[in-house]
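Two complexes are shown next, each including chain A; its partner changes from chain B in the first to chain C in the second.
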Partner chain A sequence: MTAIESPMPRSVGRILRPRTRQTLLLWCFLAPSLVIFLLYRVIPVIWNLVLSFQYWSPLKAAEFAGWDHYEDLWFDDVFWQALWNTLIVIASAPIGIALALGLALLVNADIRGRNVYRTIIFLSYPLMTVAVAIIWRWMFDERVGLINYAARTFDLVDKPIPFLNSFTWALPSVIVANIWQMLGFYMIILLAGLQNVPRELHEAAAIDGAGALHRFTRITLPLIRPSLFLAFVIGMLNAITSFDLVYVMTGGGPGRATEILVTYIYKLGFVQTKFDSAAAVTIVFFVLLISIAWAANRFTGGNAGAVETE
Partner chain B sequence: MMGRYPRWPIHFALIGAGIVMLVPFYWVLKTSVSGENIYAYPPSIVPRHIHPFFYIDVWYSIPFARYFLNSVAVSIIAVVCNVAFNAMAGYALTHGFRGKNAVMLLFLSCMMVPFQATIIPAYLITGKLGLLDSWLGLALPQCSTIICIFVFKSSFDAVPRSLIDAARIDGLPEWRIIWHIMLPLSRSAIATNVILAFIWSWNNFLWPLIMTRSADMQTLPLGLARFLSYQEDTTGALYAFCIMVLAPGLVLFLMAQKEFIQGLTSGATKG
Partner chain C sequence: MKRRSVVKAALTGATVLAAPAYLRAQSSKKLSILTWNIADQQELFKQEFADFKAANPGVEIEWLDKKGPDLPAFYQTQIVAGTPPDIVDLQGAIWVDYAANGGLVDLTPYLQKEPDVAKRFNADYLKGWAYQGKTYLLPFYVAKTLLYYNKTMFQEAGLAGPPQSFDELLGFSEKMAKAEKTGFLTLNFDWLYWPLFKMNGIELLSPDGKKAAFNTPQTADALTKLAKATASGGVNKISWTGRWVEPNGAFAAGTVGMLHAHSSSYFFVKGQGPWINGQTLGAAQLPGFWSTPTNHGFAISKGSKNPDLAWKFITHVTSDKWASAFFKNRSVLTANLAADNAGLAEMEKTDPLAAAVLRTQIEHTDKLTGNWPLPYDAELKDAFWPEIQNAALGRKEPQKALADAERTVNRLLSRKA
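Take a look at the complex of A and B:
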């Protein structure tokens, strides 16, 4: 008995121990990233949820609030305005993507200097958004902004338009700046899709007598569907989170004309120190985000979930 | 058959798009160097009386060097941690081990949480850690990014298995396998991560806005926004400041454009 049993633990130990050691080592490798994501992703989501059902401020003990904060939001005009503006900004993403698709088709053509064009169009994307906001404030300036100057020179308007101080024009102006910054990024994503479309397909279709428009709708569009949807998802995520641009260009004004959910969360939390109400808005924001992701996922038949994974 | 179409309309359209993309830069650059009253109407198309006055004004009216130092310090912490942590995590994910699926699921769902949706608890947590108003606190939320973990993972996956097995048979410890085999073969992943982490941290605005209290801790984007709120747009110095802030990011991007675009598209279109 002992003669049979005694080698067993040793050999098991020899196989197991290095493996456990390796597993442990791998967990150590994962630990720093995991800690950061726990601290700044997982815990915040849970804490937000808890906070939105409490009366709480930094100097007070927490008290259960039930649905009170959400009820307050229901009767809060600013909240509805912010939600509506957020939806408008999201709805503007397809405009930028359509423009970018046109540019991507042009840049994908077999022409000289395409890399130069690509660089120039992409240039605005990696720039600091705060600086982009200041650039566009200056472009939209009422007195000496280039846009008003051009409009007046060509007699399109009688009086200069105070774009960023006007209730009608402020939100569209911010959207223009946002599209200007994102255009290059959409183009790069679509270009990656276009480059996967085999040239032979086009040539074969052309020989069969298919016109350019036909080839575009029947060959190109279906084949770049994944990149198109990726651009939509990224565009909507960008639109829903574009805090910097709004904050610096208009600060949410005039009145609440450009208030979006993110700027409202910031103001509630860090200007009025109502952390609990801000948490409730954050939860609404989060639900909106998840539903967009879910909808995008359904449209692509589950492909968008694979976005940015292996 | 293909390639017989005329090229000039394409060039025409692209030059038009290029002008739309470049003119806003030009307009700000022009304002920042002109010596005349920036509110003169009609505005001049080319800068008149070119003068560096506004740049000098920026240098003396705000602690530009201090903001710059803060931005650089925070970016360095973020970039170094990012590359180290993401490489480690990416390496771990190339192996099979107990709990790997849970980790993958966690990473993928964390990707759905934008930073903007976490600001209040993130502020409170950083306060509990005692890191408010410090370089480390500014960099911490950006010290690891999921997209870049996957960039590293796919780069490590491409390293031939036989090479690693050979090293292991020779008795190389795990960290030396990473250091001497995996990392040298993943230069482009590293470059991608460095550039993305730098741009993200350099441009970050919301987090410094929330968590810095002292004027000494402000980073460049925050300094720029503060400058705007004190001075309104009334001085050309604002636009000089703008150009000074944009320049480093722009130079870095132009130098490493390929890696940058590769990183964004590989992070975004793999699947």
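Take a look at the complex of A and C:
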């Protein structure tokens, strides 16, 4: 490792030992990020934890509530519905990743105009989520939506399907919009992974008689595992925090058909003025996130995110 | 000038500039006003403010408007920060929570001191802003549900006029349901569907408000009929799934016989439905004359540093003069008797259909329902509505849905006791 030239004044340099000086310098570089992380991540989580054990509203002084809010959650049908929907949305992330992998394989092949295809596929990602939600809300509209129009034009349905007003179709419709937006991003991550797979390995395997499927399952997939992990973690985080998408497309409805934990937290806090209950759901949500990230890390070998220092 | 003085002056200046505008507006003789989704009235408000300032020299007014779902979150944040606006425009039942927890100024002493102010308003609408005998808001603009009906579809089905009972309402709906056409639609947010239950003699809670009272054979019967009519297409499914745009849009498309909605729907529906005119659209009361209000009112935040001035301001903007101007500008009722009567008389000449719609809003105001002042209204709504929705859409047996709703509501009530 190359030693970092210290920009510290000579007087400080004379007082501190080189190793201490270097550590101090590293902390100086880390400090801005750590302060932001502390202010916007750690403190709010701790505050939520405290709040979840209190009775509190903007107009009342806090009182100790013990486990009451957690007990309420146990009997709260909406919470269970929101949790279940959240898990379904998380479970849909691999569908998007699988589709993106297919596209990445296609645009990684030697085809003409592949850069144009890559750009087109990626275009959905930089769009604002609210814009994506509005686009898809109109696409799914019962009266003027393109999907119903096409379905009726081709005699696929007799009556228009009220996608976003149907208990059956609303959640899948939101998931489709979510996958559509994330597809380009997943593809870029996986494409980067695919381009790091040495060509020689494929060539050697082909000479040894391995078929395309074998080469894909034995060489490509294991070597792009870090990219898959990254795509999954990002996909999972995006899926469960897609507040804006759900809020604009369905508002959590019809009924609670598309309610996810993050929209339920918002409603508890800002519609019902139950910030204390919202804090309890937030803690459950946090634990869920941590558990899934841990499980995903274990699944991919347990050292995802580690920095190699050789 | 000494260095210390310069530093002091600079610090003071910086502090003043750094303070958010609403903090500065809370200083003496300054009023901050937060309104809800009415930014289009900026020009009128400017005139009202200028008029108020002329009568109260030295007063500064800061006005801020927030879009639909943003206001509650914004106002709560202001309360937590200790900087609520002096005056806030609140809608529906959201105010009760603030009033019950001491967040709003009790206006009763002011009303007692100035009895003429109370006399301005329709007593029933004013009563809608009372909690435990104390009045917390003055009406800003008001609306309640009514029954719109498509006269063309009525004629096609051989129906002479609007239904007079719950069974007739469902019967008419069935008659009009053909292919893509459905008979009846209701808005469902903020208890707007409640008149359908009230007309069947159903009560939500016991008189002392401590127990659920809705799990009765009458409710099961009404729900069963609604579910049956929904399954057959008599009642449009959007009644139980849509929010505002969807049901109003569906009625505007001309394929729904009746729409149970508030008067605010009229201008949206008219804008979307080219078929709508005096010959094709009717406006009537729902059977039993029951209706649910969705009103806006002005409250004074407890944190206001100028409650007397704020009171003066809200009596100013709800005065005959400015309520009339508001009616004229926005075509809404204000609950100010003089303003509404004068406005309606004028409107009958220029837009008789709109006048007929608005006329329903000042009739039978003694039969307002679904506006019980409960501090936990939003929670109660969330405990009750999903089960009604399940039953109406045939996802659950009505008896089972009512039992589940009763359990949830009673659990909530015991927590709140």
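Everything below uses one rule, namely that the second predicted complex is superposed on the first by the 269 of 310 C-alpha atoms of A that agree within 3 Å, B and C clash if a C-alpha of one lies under 4 Å from a C-alpha of the other, contacts with A are read in each partner's own complex, and residues count from 1 in each chain.
Throughout what follows, a residue touches a chain if its C-beta (ideal position, glycine included) is under 8 Å from a C-beta of that chain, and two chains touch if they have at least 3 such contacts.
Bear in mind the structure is a predicted one, so any value in this text is a computation, not a measurement.
Asks: Using the touch definition from the top, say if A:F285 reaches chain B (first), chain C (second), both or neither.
Replies: In the superposed model, A:F285 contacts chain B only, not chain C.
Asks: Looking at A:I260 after the superposition, I want to know if it touches chain B, chain C, both of them or none. Which is it: first, second, both, neither?
Replies: neither
Asks: Would you sort A:A192 into first (chain B), second (chain C), both or neither based on which partner it touches?
Replies: After superposition on chain A, A:A192 lies in contact with chain B alone.
Asks: Applying the document's definition of touch, where does A:E203 land relative to chain B and chain C: first, second, both, or neither?
Replies: first
Asks: In the superposed arrangement, which partner chain does A:V89 touch: chain B (first), chain C (second), both, or neither?
Replies: It touches nothing on chain B or chain C.
Asks: Would you check which partner chain A:I175 touches, where first means chain B only, second means chain C only, and both and neither mean what they say?
Replies: neither
Asks: Tell me which touches more residues of chain A here: chain C or chain B.
Replies: B
Asks: Between chain B (first) and chain C (second), which, if any, makes contact with A:Q272: first, second, both or neither?
Replies: second
Asks: Looking at A:L101 after the superposition, I want to know if it touches chain B, chain C, both of them or none. Which is it: first, second, both, neither?
Replies: In the superposed model, A:L101 contacts neither chain B nor chain C.
Asks: In the superposed arrangement, does A:R143 touch chain B (first), chain C (second), both or neither?
Replies: both
Asks: For chain A, which residues lie in the overlap of the chain B contacts and the chain C contacts?
Replies: Comparing the two interfaces on chain A, one with chain B and one with chain C, the shared residues are 143, 269-270.
Asks: For chain A, which residues count as touching chain C in their complex?
Replies: It comes out as residues 57-60, 72, 75, 77-78, 142-143, 159, 162, 165-167, 251, 253-256, 269-274.
Asks: Would you tell me which residues of chain A are touching chain B in their complex?
Replies: Answer in residue numbers: 22-23, 25-27, 29-30, 32-34, 36-37, 39-45, 47-48, 51, 103, 106-107, 109-113, 117, 119-124, 126-131, 134-139, 141, 143-144, 146, 149, 153, 180, 183-185, 188-189, 192-193, 199, 202-203, 206-207, 226-227, 230, 234, 237, 240-241, 243-244, 247-248, 262, 265-266, 269-270, 275, 278-279, 282, 285-286, 289-290, 293, 303, 305-310.
Asks: Going by the contact rule at the top, pick out the chain C residues touching chain A in the complex.
Replies: It is residues 72-73, 76, 79-80, 97-98, 101-103, 180, 237-238, 240-243, 246, 249-250, 253, 376, 378-379, 382, 386, 389-390, 393, 395, 408, 411, 415 of chain C that touch chain A.
Asks: Along chain B, where are the residues that touch chain A in the complex?
Replies: Per the touch definition, chain B meets chain A at residues 1-3, 7, 10-11, 13-14, 17-18, 20-25, 27-28, 31, 38-43, 81, 84-86, 88-89, 91-93, 95, 97-99, 103, 106-108, 110-125, 140-141, 143-144, 146-147, 149-150, 153-154, 157, 174, 199, 202-203, 205-206, 209-210, 220-221, 224-225, 228, 233, 238-239, 242, 245-246, 249-250, 253-254, 257, 260-261, 264-265, 267-271.
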